[in-house]
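Presented sequentially are two complexes of chain A, the first with chain B as partner and the second with chain C.
Entry: the complex of A and B
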């Protein structure tokens, strides 16, 4: 019980930080959005040219700094990796497609709900179905295989990447793109965003909060520990919004910031994101923290998210407040087929290996 | 003699599922679960305790051994 209270409060701090960052300038219901922020970073680096979503989000840099710091202090910074990196890369790309058709990662889905955006209910239902499908694979033996100890330098790559991002953000060289209008131009002051990101990263590393893990464990093993964390995010973000962002608090489907009202594709987009999160062993938020702990499989996943975001905008897959695009629908359908095929193939392989082992014994 | 299950290097939540499968199959038996990250120690311990088992954590050089018994 004591542990549940602790994670509820940890989640609550993340929820409050979400409300504060929105108050201080981040886009509507987007105090924190891991998918959107990687998408903005992809744009700033010129990997896509959607002019309204290009910015090096200091929150992501902060998450990684905070995660590294907490992992080092806790003796958990370990170089590890080598568990099916290319499958993780592909899953991350499709995870991002689903999230950008819905318009938000699972964390933003919770924040959207907490500011009255009812469209996120369909996202949540889709996410739950995706998690349920992912659990089906886990129960059958799905595994991307063991990760092993890696050479020290691989654990430094993502932290170094985040330092480089910070330098680019501060120096602003001409080859880096910064939106002058649209969501990419809406931002909390750099130093505050960086600091609150760092605090979040630290808390997320300590608490292991994962939006996929919370629902997964509740369904799979009836363990509600992480769900308390998610509940904390929701409740404290709601309270934070009522106090700080009351002007924008509106319970409705229509006229929600950076959102569309196509229920079917909000639902299906998050089904895809849900399956991918389970097959990857964690949501984008959790992957970011794992990557900062020296897990290079999670590092590859982050790079997949960035590439996925670039594809999503280059190929007109990402939705906009005007709605879902034909390419977005197609990408979600292809994504669902591909990730289910991947899941099936991995399970088949695991069962085959197991039979071989039993024959030897 | 406890049976050993090597869950090192496994993504979340595989160590928990491996433990669950083992305990479902032989509820009275003792198990040593090997894991190599702190989060797996916490998750497996929480799961086993919630299922009514006793857990002792032993730290080796680069990994942990979770002794699980009724």
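Entry: the complex of A and C
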């Protein structure tokens, strides 16, 4: 019980930070959005040329710094990896497609809900179905294989990448793109965003909050520990919005910031994101923290998210407030087929290996 | 009050579910839960087991070829807060 209270408060701090960052200039209902922020970073690095969503988000850099710091202080910074990296990379790409058709990662889905965006209800229902499908694979024995100890330098790659991002953000060389209009131009002051990101990263590493894990445990083993964290995010973000962002608080489907009202594709996009999150062992937020602990499988996942975001904008997969694109619909359908095939194939392989082992014994 | 409890950790979710199924059939009080924060920064599953049944449980795992990662005994740490410790000390002294 005491543990649940603790994670509820930790979640609450993340929720409050979400409300504060929105107040300080981040886009509507996007105080924090891990998928959108990687997408903005992909744009800033020139990997896609959607001019309205290009910015090196200091929050992401802060998450990684905070995660590294908490892991080092807790003696948990360990180089590990080697668990089917290429499958993770592909799953991450499709996770991002689903998220950008919906317009937000699971964390932003919660923040959208907490500011009255009812479209996120369809996203949530989709996410839950996706998690349910993912659990079906887990029950059958789905596993990407154990990660093993890796050479030390592997664990430094993502933290180094984040330092590099910070340098690019501060130096602003001419080859880096920053939006002058649209969501990419809406931003909280760098130092505050970085510091609040760092606090979030620290808390997330300590509490292990994961939007996928919370629902997974609740459905699979009826354990509600992580769900308390998600609830904390929702409730405190709601309170934060009522106090800080009351002007924008509006319970409706229509006219929500950076959102569209196509229920079916809000739903299906998040089904895809939900399945991928379970098959990857964590949502984008959690992957970011794992990567900062030295987990290079999560590191590859982050790179997959960035590449996925670039593809999503280059191929007109990402939605916009105007709605879903034909390519977006196609990408979600292809994504659902591919990730279910991947899940099935992994399960088959696990069963085959097990049979082989039993024959030997 | 118990100041320690015991858990078994697993490599995969399926191992945890198989473990729970078999031991519930044997009538053990098993509860699946997230891996305690003290032993891991991961968010996988573990099974809380009665500490005194450890030997018996490990024996059955061997017999039924149930795979798992590790057995852990977790001691709940005393509260570190100096204030609470101070209050505790003063009350003890007064007694």
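Definition applied: the second predicted complex is superposed on the first by the 361 of 361 C-alpha atoms of A that agree within 3 Å, B and C clash if a C-alpha of one lies under 4 Å from a C-alpha of the other, contacts with A are read in each partner's own complex, and residues count from 1 in each chain.
The rule is simple: contacts are C-beta pairs under 8 Å (C-beta built on N, C-alpha and C of every residue); 3 or more make two chains touch, one makes a residue touch a chain.
Note that the coordinates shown come from a computational prediction; the quantities given were computed from them, not determined experimentally.
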Original post:
For the three-chain model obtained by superposing on chain A, do chain B and chain C clash or fit?
Top reply: clash
**OP:** Could you tell me if A:220 is touching chain B, chain C, both of them or neither one (first, second, both, neither)?
**Re:** both
Original post:
With the two structures laid over each other on chain A, which partner does A:251 touch: chain B (first), chain C (second), both, or neither?
Top reply: neither
Original post:
Of the partners chain B and chain C, which touch A:208 in the superposed model: first, second, both, neither?
Top reply: both
Original post:
Can A:171 be said to touch chain B (first), chain C (second), both, or neither?
Top reply: neither
**OP:** Could you look at A:140 and tell me whether it touches chain B, chain C, both or neither (first, second, both, neither)?
**Re:** second
Original post:
Taking the superposition as given, does A:191 touch the first partner, chain B, the second, chain C, both, or neither?
Top reply: neither
**OP:** Could you tell me which stretches of chain A are touched by chain B in one complex and by chain C in the other?
**Re:** 3, 74, 76, 138-139, 143, 146, 208, 210, 213, 217, 220-221, 223, 225, 281-282
Subject >> Complex contact set, residues of chain A against chain C >> reply: 3, 71, 74, 76, 138-143, 146, 205-206, 208, 210, 213, 217, 220-221, 223, 225-226, 281-282, 286, 293, 361
Subject >> Parts of chain B lying in touch with chain A, wherever the complex brings them together >> reply: 8-14, 16-17, 20, 36-39, 42, 46-47, 50, 62
Original post:
So in the complex, which bits of chain A are touching chain B?
Top reply: 3, 74, 76, 78, 80, 83, 138-139, 143-144, 146-149, 208, 210, 213, 216-217, 220-221, 223, 225, 280-282, 297
Subject >> Residue ranges of chain C touching chain A (in the complex, touch as defined) >> reply: 11-14, 16-17, 20, 32-34, 37, 41-43, 45, 65
